[in-house]
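Quick heads-up: structures coming right below.
Shared between the two complexes below is subunit A, which has subunit B as its partner in the first and subunit C in the second.
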Partner chain A sequence: MMSASSLSRWTMAYFAAALFFLISAQVLMASGYGFPTASIEAPETLVVVHMVTIGWLSLLMCGALFQFVPVLVAQPLRDSTLALPALLCLLAGLLCLLGGFLQTAGTIDLDIPFLAFGGLFLPSGFALVIWTIGRTLWSVPKSGLSLPARFVAVGLTCAAAAVALGASFAWVLSGHAPALAGTDVLAFGLPVHVAMGLGGWLGFTAIGVSYRLLPMFMLSPDREHGTGRFVLWAGASAWGFVLLARPFAVVSGSAALPTGFAGVLILVATVFFAFDLIFFYRHRRRGKIELNVKSAIGAFLVLYCSILLILILVAAGTFAEHVDAVVYIVGFGCLTGLGLSMLYKIVPFLTWLECYGPVMGRVQTPRVQDLVVESRDRVFFTLYYAGMLLGTGALLVGAPILFRVATAMTLLATMAIVAELVVARRLVNVGATLRLPEGASRPRLFLPHWHAR
Partner chain B sequence: MTYEEDEALTSAARESLRLVIDPELGENVVDLGLIYRLSVSQGGTAHIEMTTTTRACPAADFLKDAVLSAVSQLPEIRDVHVRLTYEPPWVPDMMNADASRRLG
Partner chain C sequence: MSAPHCDLDVRPILREGGDPFAAIMQAVAALAPGQRLRLLAPFKPVPLFHVLGARGFSPSAREIGSGDWEVIFTPAGVEQSEEAPLPSHDDDDWPAPDLELDSRDLEPPEPMVRALQAVEILAPGQTVAVLLPREPIFLFDELRARGHHWRGAFEPEGHYRVVIRSGGRERS
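Right after this comes the complex of A and B.
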């Protein structure tokens, strides 16, 4: 039987770009650029928000999906040559979008319609990603599609909705969509754009991928039926209600009913997801779990903290006042925490395959675990979560200086984790006798070898 | 080649496979139970049926090549045939006691 999956050539480049944008956004936040120094809707804040959501989280997710979806469907990635054009479109689109926001802020004064270009390149990049991954999913008989793959399919649909709305905002704000000039498209679509992007695309896809990764890392039984399917259908229905909320409001005058349904379904889905997480943990055959799994568990604990926070804020009637803290804890606690945890495993794993895969069986090779030093890196992950929780608290009590200090903590932790990933790519932690056996080639930092398999 | 010699060669081939590790778990493929069948026939032809811990694992091709290389290194082996299968799919119960203990 042929193996269906191989190394994705451009995944490491996606990861490198993603980490560049994460660190850049954290530097800006720690230096007081954007919210909370500026208002939440200020262009400076939008610069930081899109560096995190598109530059960091979306590029990370796209790079991971190019590598991981073939594993989910046991089929090779279709049209894999589109990965590079997609990356270039996404990078060009993001830089144009950021340029457009800087124009709006008055920081740069160039007569170039950056926002309109952003509204062209970004949808093109996402369309290429959705085409490639969607075609790969579509190549499998629908009855044979695994549970995580179905989550990814829903996530891609949400991404398409979020991108379509985002592009329409960019066109309207740039003055290049006269047909929409009379409508307040931002007020109409912004909550849906945020919910579909952060929740549907990034959150839901991450949960789906976790259904395969966590049992794999912990050697737990797969749980494809029952609660997992319930989480899928409850979540998918919730995103459907989110999409319908605005059209429903136009007809009935209020979006309360579909929004309420969506909220309840998301709550129920996350509760059932918790049952599955506990099941994976309790039934694991790998007693000594690695740092990436411990940190991922931390990210999921933060997810439940954020749900609790939302419930408390809604009950107290202060949700709208503290939506910044909610977005921060979801973006930097759950999603970034999970993203860094997964990178901490995937980067050494792919590095190992590139370097030692071709010579294994002929010479002794190190283990993937030998490429990193968990005892040292545990400190950095702890620092990251501590800074993130402090930052959430600072936003809740309205302490901008404390927020900057907390962001500086997360920045330091992120830079240390990224340094460790670079060290892993350079094989520095591997003992000299095993580092580069005969026939092995040192991987490039993030660009592929042209002769790579 | 006598029966005893066949058995000795099969054991040697099995030992040589301990050089091949599953990169994710860091354990060798023999202790993990990834080698479903290993036989060496008259004339030194090895037939190996193996799996990976996850279907369509990115390491699958590397593992298959590594198994072939490891057994080919034995001077008595003339030819090696490796077949990758997912029937039955691997489950953690297939690990031996040593691997289970090391993984905690």
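Right after this comes the complex of A and C.
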């Protein structure tokens, strides 16, 4: 019936699509599809990787940014009507991309240039997202941009680079880019595509968003510290070096210098980020922290474990051999762990606001935390992290069956958490007397109400 | 000149796990006409503002160190001794806030709930001031939808202060 204009209309649809792809990817992995049964560059593996990075993580991030950026800059989302076309483009593009990989794998045999279509729809979708969020960020004076907003701006730039490279791969692989046919664009750009996509876009943006969400949920002071700005600048310069590494190599013959700079800067940025995390935690005014923050802390601990793992592997000279385990722990440990933690708070929060906003202050309403049952969900988050760590171990020692078992554990945990989010949307955990007072608006599962307030 | 303040320190009661409500109400009942109640508490007793507000007392609160608060409840018709928390740079047609809520230490969406609860009990034209940890975007939506007006700005200390004027009957 009603919805406040600050609630992003399509965010829940983005989240629903994202969770669909996360669960589908985990089902495929648990059933032994793609890596490690197939090789790391096999099309089957690429199907799973893009279901996770675009389907799950990017859709989650876009949906969250549509909701979050207007709050960050205290401005309405510019061109908010583009959120739906962007979602449709991203979904169509992802399905085409997956179709293209399945063609390459020989799974489907249709005479449609899926990869090329993917290389059109996906950049269009991302362009719409970047346009909408970029314009919203641009609408405030540059000096007034808060630290998290600056992180988002850098993240969007990295997304643009990752998508441009990805699209050029798709065109080359589909044979629709004769101009690039002579160059080995994949060998040239693949490491940059991965670093920009996973690190710059998903990782850096997530860190930026955490700079606002963590103090908000822990009631810590969120004044901007020098360390936070240092993380921003070190990170942004690192992504700059990553971008320049290949052109530099063409001129000088080696990419070692800029790559080394980027590595050191990222390392320093994560160390300074740790100082800020500890600051938020120690200065929190909220004694008992909720499950979403505990789980987010788990995700950050995994981040530091993964950095330790990278350092050990580099020191031992076996990084290239174990890059699979590194990508897995970053993607499923840090990013997915953080993503599920934040969803566990954001979905009940937005549901509460949508439902009880109209009657707030007039009648007694349930608390946001009444929409979920933390005691039982704690088990699922623990199971998720346990499965993820076991999976990383399985990849490190090369035990594919154990990896499938571990993925099945994460799948089970994810499905339980998703079920809890559905239950939260349906207000099942709220006592019948408080559930729908007169004037409250029952939320739909993930589609918006058509007539806004 | 009105009678001197009646002092009531509820900190010992709270330290021992007791409920100071009865003591406060006794003290209020024993006040001479026009006499103010000076309350010392280990937190800002916002719920009490509503209770005593309904009895015609306006609160004026200040932090006195180590998290403790001094609140002076002034009965209606008596000039407030403390400087009233006026929306400093606003137009004259906005009356001084009848209520000042400090929601800086509350987790979202609690600050919004408290603010709307307070607005609901205002008469049209009356105002309430709310201190928040950050700019309340969602609250503005709800105020707009309900036909209330507000003026807000960041304070030098970093928090956000908004003064809301009741628009009377809601539009939505």
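The criterion applied here is as follows: the second predicted complex is superposed on the first by the 446 of 453 C-alpha atoms of A that agree within 3 Å, B and C clash if a C-alpha of one lies under 4 Å from a C-alpha of the other, contacts with A are read in each partner's own complex, and residues count from 1 in each chain.
Heads up, the rule we're going with is that contacts are C-beta pairs under 8 Å (C-beta built on N, C-alpha and C of every residue); 3 or more make two chains touch, one makes a residue touch a chain.
All values derive from a computational prediction rather than experimental measurement.
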Clash-or-fit label for the pair subunit B, subunit C on subunit A: clash
Which superposed partner A:T365 touches (first subunit B, second subunit C, both, neither): both
In the superposition, subunit B vs subunit C on subunit A residues touched: B
Partner chain(s) touched by A:Q67 [first = subunit B, second = subunit C, both, neither]: first
Subunit B versus subunit C as contact partner of A:M415, first or second or both or neither: neither
Touching partner for A:G287 - first (subunit B), second (subunit C), both, neither: first
Partner chain(s) touched by A:L219 [first = subunit B, second = subunit C, both, neither]: both
Candidates 7-15, 43-51 or 79-87 of subunit C: the single one with C-alpha clashes against subunit B: 43-51
Contacts on subunit A seen with subunit B and repeated with subunit C across the two complexes: 4-6, 70-71, 74, 216-217, 219, 221, 285-286, 349, 352-353, 357-358, 360-362, 365, 368, 453
Contacting residues of subunit A [partner subunit C, same complex]: 2, 4-6, 70-71, 74, 216-217, 219, 221-223, 285-286, 349, 352-353, 357-358, 360-362, 365, 368, 453
Subunit A-touching residues of subunit B, taken from the complex the two chains share: 19-21, 23-26, 53-70, 73, 83-86, 91-92, 95, 100, 103-104
Residues on subunit C engaged by subunit A in the complex (per definition of touch): 105-109, 112-120, 133-135, 137-138, 140-142, 145, 158, 172
Complex contact set, residues of subunit A against subunit B: 1, 3-7, 67, 70-75, 216-217, 219, 221, 285-288, 349-350, 352-353, 356-358, 360-365, 367-369, 453
